[in-house]
């Protein structure tokens, strides 16, 4: 799974019937050490109610269909977790403000 | 899913029987912030009737077979949405002209 | 799917039993605007009888098994079309000589 | 499969129900000759009880669901082995301290 | 499929039960024109008895499970052929010594 920041939304009124009602979030992949964006973007379906600014990880490939939200749908990237913290070699590189 | 601009078409008269009658569109991946093309191209099957110049997103991998158009077909990239707008941190980077 | 030029063949006498009798072609990915090779190569199974010099597109991933030639076989790249022409924004970047 | 070093953990309290109870490890891909990190990170599910500092390899794609830990789950990267040693052309580039 | 040279082995005593008894080979991807290594490595399961120094190609993704050796196993890269020769535009870039 890949770490990313939710940076926006993508809206489509003309789409495959199977994806009606799904939210599409714009994600920017991040470096989990510096927490900087990598200027590399992906559109993901959201299975966890993530919002702009949150750090998430998403699953790619066929496993993107293995959530209740995306089952049977043409998904290749699905957010499956909102991240609370990232720890690297004993130090937090990220802690979510609560 | 990946954002791209439809930039053309690819025509083949000699192809696998299962893909007879399918439209093949040439897509150029875009940077969703600047909306510039990345000079990185993919051939996609079209499940939504997209046309040249439109911004779309396509699904990759096995999920490219999960549309009515592409079910059971050797597809690895299928357009599943024509994009109306892209919003990044409260600002539109793209709005479709209607 | 990805556009490529057939540039050669790969021969193996010692291989997995399931791929006996399959032709393996060496493909060089191309830039579909300049039609130049990208010096990036892949070995593909051939489902359409492509020959050296032809422009083709191939399908990757599990869908590479979705042709009559490759069904049930350990394929991750299968040529599914010989390209007649590529059109980008109203101009042909490639037209096959007939 | 790809060689990587376990460098940390990723914690999420808000995630897809199917992945409750799974450990998420932060991996840094390595060059198996120099054993240096490549500054390229992935979040993996752990099927073998790996710990920080260990060299592992993980499996990607649908096969990431083919362990007892990850079966039926939205996994695209699963650690399947802790590495004892890596040998390249007759020399060890890595030997685990026991 | 991708061309690579077998450059070594990876040994693990602590691994997922399903991959007990499988050989893990270290592959370096090659440029099939110059036959030089690309300093890009992958760990592959071996279905054909390949040895160090041999040129092979391996299959990625779900198709890596489509050999007798790897069926049902968490494999994403499996060697399916030992290469005898590579021909590019009428010239051999590689011929195996017999």
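The letters A, B, C, D and E name the chains in turn, as written, and every chain counts its residues from 1.
Keep this in mind: a residue touches a chain if its C-beta (ideal position, glycine included) is under 8 Å from a C-beta of that chain, and two chains touch if they have at least 3 such contacts.
Just so we're clear, the structure is a prediction, and the values are computed from it rather than from any experiment.
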{"item": "Angle, in degrees to the nearest 5, of the Cα rotation that carries subunit B onto subunit D", "value": "145"}
{"item": "Rounded Å distance, subunit C centre to subunit E centre (Cα mean)", "value": "20"}
{"item": "Inter-centroid spacing, subunit D versus subunit C (mean Cα positions, whole Å)", "value": "33"}
{"item": "Of all residues in subunit C, the ones touching two or more other chains", "value": "60-62, 64"}
{"item": "Touch-based graph of the chains, sorted into line, ring, star, complete or other", "value": "ring"}
{"item": "Ring order of chains, beginning at subunit C and proceeding to subunit E", "value": "C, E, D, A, B"}
{"item": "Residue numbers on subunit E that touch subunit D, as the complex places them", "value": "7-19, 24, 26, 39, 41-44, 52, 60-62, 64-65, 72-77"}
{"item": "Of subunit C, residues touching subunit B in the complex", "value": "1-3, 31-33, 47-49, 57, 59-64, 66-68, 78, 80-90, 93"}
